[in-house]
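Structure below; questions to follow.
Naming follows writing order (A, B and C), and every chain is counted from residue 1.
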């Protein structure tokens, strides 16, 4: 094989692997976005903050000696419970006030957590403890780390769990019913408030897991870390078709890979612009997303 | 009014609307003379409002063409269709609720206003002249509809019947050749419906326009319309004068299975 | 004294930003989260105009020309962003404008000629408090007069009911774009004034955060109310400075206070301040009556 071509191939595979790792993280966060949007049509701007909070719970847990396999569920639980509280205090009273007030409330909640975090924990990045020793496996010129494999593995397990939860349990059925028609679901005896709380819990728990995994992968955590991944996860959700669960996964992976390919082969300074560029293109040409169907507005 | 139509002002030529796999309206053809008063009736979900939405440009027909005085208006934006002479009201009144009665009417005259953005901002002589004209015309119209004393009221504070009237007045302020009324009697009591019947007839005569209305209230349609188109499941099943329609077995069949229509009628 | 002038200048610049965003968000009802992007376009265009062209004319002429240049540049940016995005509604529009705002900032960061991430230095101090408030007056009068005419009413009707507006023969897309372009243009002027009072620009000064803060000013005052935007802009410019007098701690927590304020405001009067905003409309009516008298 031509040497240049071989290196191109190695680069390509490395970028793809990095892209899939990052994409898995986006996908985990995007799932929460999409579920919450699907059920109450709210763009939960604060969703990225649950990812940050999950990362910090993981950080404090592991720093104080809790093993990783305990810290991960702990972070999920913590982020999830906090989301339930936020939903109860902030989003529930505003649910019927229209979408724009709700969106602004979500923005406010997001800012609150960011700056509250900066004030209490400090704005400077913290080094995430090396809970698992990094091992790198080499195949030719292609490198893959055990952390990456853990991220893939956790993502796949969590997604299978969600797939089972939404598709094959009574709660899942109630979630689908609520998102399809909240009033009708209520008339059928479904406690929609409870279902909405539960949706927030699951979504935030997934984001919390993503936070811990990212801490493990990049080794730093800071209070502002949720902002950009949160926005990008939203892009991923829109890309796949907001409200559609497999769409969020697909969107996350596509976005992660696209970003890494562009950064790898072209320029890195435009990294953050790619996601927004993709967002705008998708909004303009297929606002319903890759897996969505366009709907006409009712007159 | 003569039975035969004068030259058609509005004509739909086999218009079809599909939403995904669902055919909401199938090859619907109709003609409306320039001073006709015609009704479209049919059970719930028959596709009546979809026909209106196609005529007014809110939906583009999947197939077929719509002609306004021989001009194909297919695919034009609703705003331009209104400017070309088709005005409408909505099934669930869509006034500018938080604006004054006067502003509701003035907005309908917006496209006739003949001054530019800069004239607006610098409030030139032309601006003052045009504002004066638009305001006077609006007040004239409000007088006709008995709403001149309420011009500074917010539209949402009017009683229901007056909101319906204001919506018709607003549609007329766009100076239409064709007026489409989407279930104007919805939510009205028999007395109000009777007044409305007279109002519709009077509007047609006074403004010399064509009126096309969708209605559930059979009595109103039979009383006021010269011709009636009956649609069911998106298909035109009958067409003729009120008498023919009342005795048409197809129409009776279409209505018999639908108790909700009976209840509303 | 200098400190008060500084604060007054800054308030003035934010009044222009808030009033211009209000035209888009409050009056036309198009939810934009990209205002800082237009501000940045204007600031960099205006600064580049005076620094690079360095026309041999008196300072104030140069300033006025650069205000004009930035108005045009930001309007064009508004047009480029508005035409595709304004087909979107509600939260989708918000996200798309947010995306564009961030893209603008990232592009500026990558432009070495204007200092890239290090910032744009050496901008002459051509503007002063007088110029700032001249432009405040121009902006406010422009928007207020606009609302008293048919074009302004058309813009308001879009907020009230877009479908009904379209059915009344109002080409809503044109008026949405118009509101967006004018709003962007004035944000651009605010940018130039900012550049020529601060003498320094950094891309980090135009993040999405600032779009949110400008929006907060508009909401605090009441969406759709021009006087509200003015009050909102002054409060949110002066408040963080006032908080300084309450000591280091309060000042440091000001963003937390901001966000709590935003949440409480929404929880307390989501309907009152949004959508059906009673008192703004009354204000419009009062304006109308004065005109009729």
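By our rule, contacts are C-beta pairs under 8 Å (C-beta built on N, C-alpha and C of every residue); 3 or more make two chains touch, one makes a residue touch a chain.
This is a predicted model, so every value here is computed, not measured.
In this assembly, B is the chain whose CA centroid lies farthest from the centroid of chain A.
Every chain gets a centre from its CA atoms, and the centre nearest the mean of all protein CA atoms is that of C. If each chain is reduced to the centroid of its CA atoms, chain A and chain B end up 48 Å from each other.
One simple way to say how far apart two chains are is to compare their mean CA positions; for chain A and chain C this gives 32 Å.
Centroid to centroid, with C-alpha atoms defining each point, chain B and chain C lie 40 Å apart. Under the contact definition stated at the top, the residues of chain A that touch 2 or more other chains are 299.
Residue positions of chain B touching 2 or more other chains: 58, 90.
Multi-chain contact residues, meaning those touching two or more other chains, occur in chain C at positions 163. Chain A meets chain C in the complex at residues 43, 90, 93-94, 97-101, 103-105, 107-112, 114-116, 118-119, 231, 234-235, 238, 269-270, 272-273, 275-277, 279-280, 283-284, 287, 299. Interface of chain C with chain B (complex): residues 142, 145-146, 148-154, 156-157, 160-161, 163-173, 178, 276-277, 281, 285, 288-289. For chain C in complex with chain A, the residues that touch the partner chain are 31, 84-85, 87-88, 90-92, 94-96, 98-100, 102-103, 106-107, 109-110, 163, 209, 212, 215, 219, 252-253, 255-256, 258-263, 266-267, 270-271, 274-275. Those residues of chain B that touch chain C in the complex are listed here as 56, 58, 77-80, 82-83, 87-88, 90, 94-100, 103, 106-108, 110-111, 113, 115, 117, 119-123, 127, 130-131, 134, 152, 154, 170, 173-174.
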